[in-house]
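Here chain A shows up in two complexes: once beside chain B, once beside chain C.
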Partner chain A sequence: MRFINRRPGLALGVFLAALPFVAVLVAYIIGSQMRLAENPSDKLLPAPATIAQTAERLFTTPDKRSGRILLWHDTAASLIRLALGVGISAVLAVIFGLLIGLQPHMRAAFSGFVSVVSMIPPLAMLPILFIVFGLGETSKVVLIVVGILPFMIRDLSQRVIEIPREMIVKAETLGASSGVIALRVALPQLLPRLIQALRLSLGPAWLFLIAAEAIAADQGLGYRIFLVRRYLAMDVILTYVAWITALAFAMDLMLRWLSRRAFPWSEAAL
Partner chain B sequence: MSFVSAQNIFQSYDGRPILERVNLEVDEGEFISIVGASGCGKSTFLRLLLAQEQPSRGAIRIGGAVPAAEPGPDRGVVFQKYSVFPHMSVRENIIAGESFRRPLGRFFGAAKKAARARADATLERIGLGHVADAYPATLSGGMQQRLAIGQALAAKPRILLLDEPFGALDPGTRLAMHDFLTELRAAAPMTVFMVTHDLAEGFKLGDRVLVFDKPRWDPHDPGAYGATITYDFDARDDGIPFQTIKEVANVPDQT
Partner chain C sequence: MFKKSLLAAALIAAALVSPATAEKKTDFKVAWSIYVGWMPWGYLADSGIMDKWAAKYGINVEIVQINDYIESINQYTAGAFDGVTATNMDTLSIPSGGGVDTTALIVGDYSNGNDAVILKGEGDLTSLRGKPVNLVELSVSHYLLARALDSVGMKESDLGGVINTSDADMIAAYATPDVQAVVTWNPLVSAIMAEPGANKIYDSADIPGEILDIMWVNTATLADNPAFGKALVGAWYEVMGLMAAGDEAALSAMAEASGTDLTGYKAQLASTKMFWTPAEAVAFTASPALKTTMVSVAEFLFDKGILGEGAPSADFVGVAYPDGTTTGDAGNVKMRFDTSYMQMAADGGL
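Let's look at the complex of A and B:
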């Protein structure tokens, strides 16, 4: 049988899926033990037990000075920035996606512009954003928007253009105005695509969030990681990285679930 | 003047002629079948009738009105694919036939209730009452096309344009669709243009069968000339024209 046609059974499939995780974990444990055996005060690869202790402390013990549990505080601050940036981008992307996808003048005016703007490396804009918007919340939210909006507009306008012409013409023959076509034909078919675009944009959104927090912030997940870096607190950094990964993964799951729940018609075709 | 009138229609894309010198007069209530080789411009002619495109020369009028600049509710259409809205339930698709011309594309309050009742009556009539809440993707191809026709008719168009509406259906379903269309026409006469690649279907359903073909042909440059209506058959009485034919002496062939 050809190599490409061989398939794993159920048990083997589960085993293979778990394999990379286990391999990374084992490699870490071995490395950590080797280093700690040589130098018990080594900070680079703390033992898993140490990380677990640190994690428990971070999640449950209030900070001595402020009396707040910093991890939850950082999480709230970061999630608010992320939600604002992603939410604003989603709304703008839908509006511009519909305009560019449906209206030839808008397409002529904006599609080239958006393509060029999407080539600007967002992080190169960060100093400008700090100068213009200050070091507060605005510049962080704007960085996320600047980072993901051009891609989302390009993606969504392309999706609108891909709506079969027949369907638009059909709506015209039912007497629909441009607005009704946008609202009742294009928008509902765009929403599942929006969720896909959001899923793709969440990775970059996190990247820009953490970058902005690392450079100028007084709370937030990215701020904390870069703060404790000075003390080589690997146990704290690893806990935060795992926590951020879990958050990102949960968001992705949520969006997938939402897509299936909210748009049964697009699932029905499969 | 006849109900639908196409006068001296030319259409070309990028300087390549597709249709040339197409003249057609159609009376209200006639069923026109259009046949012809693949790629000869049948769908193009239908798009012109629909006002989705403007001809390079000539004009198409319905009821003597000025030529339309864009598709509107006076022309209904059913394509082979993408004829219904996948994100709306079957019932909502029928309601859309009436509600899309409203400012927000929707009915509200009492009007909504009434439209819903009318849609359910329509669905019963076209045999889709039992799937009113389903989404089109769960329907068979025949049911989807039936829905598309029902939706187009809900908007009460003056002419109905069908572009190979049954082209993707299996033969049995196709026969059922023929009966369906015949019943609809018996209940409410309407002017229909139907493109088909099935000659028998064209003669069975049509009052007239138009054949599109290229009257001139350059073997060195097959794209040099466009197509026109080369035959205009009387297809009533099962396409046996000598029953009603009127012999006219000393007049050259009209087509």
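Let's look at the complex of A and C:
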């Protein structure tokens, strides 16, 4: 049997999937123990037990000064920003994707512009974003939109262009107007693609969210991470990182579930 | 497969663990970041003065500029460097609070106007009531604000909140309408004061000698390698001599490296109390006022929760002074002010 055709059994599969996680964990524990043996109050690689204690405190104990459980407040603030940014991007991406994909004038006007804009690094434009949108919530949401929207428009318009021409001609012969073709032919085929584009954009969206919160904020997951970095509280940072990873992973699972549930006819990808 | 992963794991672990262990050695690394009082470190590396002094004591000293100030302190704390430039406050909270025993080798200067509270429009400190203030939270700016509010009997809760704002974006932030007051440091202060309507309502000249800029070194490394301390101190005071004499070439090089011109750099130096001679630095470090400052800094850090959850009180970390006394926990001394090397320079013994 060829090497590429060998498959792991169930037990070996689970073992192989767990292996990289275990390796990273083991590396961390070894590193942490070596450093703590050298200096018992080392902050860089706190022991897993310390992180667990910190995590328990962060999730359950209210802050001394404000009386609020900061982690939940940070999470709420960040998720609202993320939802707004990703939601606005999704709506705009569908609208522009359909227009650029279906209408030649729109394609002539915007497709080059969107390709160029998608290459601009948004973080380099921050001062302009601040002056135009202020330092408040708006600029954080805008940074996420600016960061992921051009890519999503490019992706979705390409998917619309890929719809077989025959299908659109068929709809035309049945008397469908441009609007009906957009809503009844193109849109249903676009939605599963939208979910895929969202899944791919979530990573960058988190990145831009954390960058925005690092620059000017008084709450949020990114704010807290950059704040406690000032005294190297890695136990807090690692808890937040694990929490962000869990949130992002859960969102990805939810989108995948939604895609399978709502569009079972579209081939499951990724 | 499993063996390979374990090997990789061990390699990663080894890469993460490189604490500056104390032993006799010949190669040293020191980190610094751009700030008016630390520009001499860049100059003494570029001009060859550091190499000259290192060669005299038979060692190598590499001087590395780190663009992110806090990252340089974190790297030092993690053990990647033998020394770092930092303020007294950040050193107490990061390396000393993190259990790395650290000694003040060269007390270089104190901020004498370099850090300022700036209000947009007319008013004084009491006008801050109910207003949001943008600053780098938990930094010396935050400490300056706390001292400023103290002076008029206000508290942080009287403000409309503090908004953590990255220093890199402070000037752009100031230009937005939502921002009404900022606390920051030079060269940002000069840039913001150039905007119309900027009104400096409090600065570090009101609390002279409390925000200190110091070259810190690992205590154990210094104890095992006195040559390291001697070389750094010798090189530093050679450059101080040049600067105090107004050496144009040296000052221009430092001005250029800090992104300004000679006039701009001189203006920043004017709001910095440099200790040009080792004797001045020794006298300042040995003065009792330093103890009062460090106690007030420790209380500020404890109040803000910066000393960490393991810190039962503001006295958690001990600080030792040149006269042999300590403040804080004498059983947990992790920060030491030591004038012996600066004294050698003052006595011409290097």
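Assume the second predicted complex is superposed on the first by the 265 of 270 C-alpha atoms of A that agree within 3 Å, B and C clash if a C-alpha of one lies under 4 Å from a C-alpha of the other, contacts with A are read in each partner's own complex, and residues count from 1 in each chain.
As a working rule, a contact is a pair of C-beta atoms (placed from the backbone, for glycine too) under 8 Å apart; a residue touches a chain by one contact, two chains touch by 3 or more.
The structure presented is a predicted model; accordingly, all values stated were derived computationally and were not measured.
A.B. asks: Consider chain A as the common anchor and indicate whether chain B and chain C clash or fit when overlaid.
C.D. replies: fit
A.B. asks: Name the contact category of A:98: first (chain B only), second (chain C only), both, or neither.
C.D. replies: Touch partners of A:98: none, neither chain B nor chain C.
A.B. asks: Thinking of the overlay built on chain A, is A:19 touched by chain B (first), by chain C (second), by both, or by neither?
C.D. replies: Touch partner of A:19: chain C, not chain B.
A.B. asks: Between chain B (first) and chain C (second), which does A:238 come into contact with in this model arrangement: first, second, both, or neither?
C.D. replies: A:238: touches no partner chain.
A.B. asks: Tell me which partner A:143 touches in the superposition: chain B (first), chain C (second), both or neither.
C.D. replies: So A:143 meets neither chain B nor chain C here.
A.B. asks: So in the superposed three-chain picture, is A:216 touching just chain B, just chain C, both, or none of them (first/second/both/neither)?
C.D. replies: After superposing on A, A:216 lies in contact with chain C but is clear of chain B.
A.B. asks: Contact-wise, after the overlay, does A:230 reach chain B, chain C, both or neither (first, second, both, neither)?
C.D. replies: Only chain C; A:230 stays clear of chain B.
A.B. asks: For the overlaid complexes, name the partner, chain B or chain C, with more touching residues on chain A.
C.D. replies: C
A.B. asks: Determine the nearest approach in Å between the Cα atoms of chain B and those of chain C after overlaying the two structures.
C.D. replies: So the smallest C-alpha gap separating chain B from chain C comes to 42 Å.
A.B. asks: Output the chain A positions appearing in both contact lists, the one against chain B and the one against chain C.
C.D. replies: No residue of chain A touches both chain B and chain C.
A.B. asks: Residue numbers of chain A touching chain C in their complex, please.
C.D. replies: 16, 19-20, 22-24, 26-28, 30-31, 34-35, 38-45, 54, 57, 64, 126-127, 130-131, 134-136, 214-218, 223, 226-227, 229-233
A.B. asks: Touching residues of chain B toward chain A in the complex: what are they?
C.D. replies: Within the complex, chain B touches chain A at residues 50, 52, 70-73, 75-77, 79, 81-88, 96-97, 100-106, 135-138, 148, 151-152, 155, 157.
A.B. asks: In the complex, go through chain A and note every residue touching chain B.
C.D. replies: 164, 166-167, 169-177, 179-180, 183-185, 188-189, 263-266, 268-269
A.B. asks: Within their complex, state which residues of chain C touch chain A.
C.D. replies: Its residues touching chain A are 1-2, 5-6, 8-10, 12-13, 16-17, 19, 21, 70, 74, 77-78, 90, 93-94, 97-100, 134, 136-139, 161-166, 168-169, 172-173, 175-179, 305-310.
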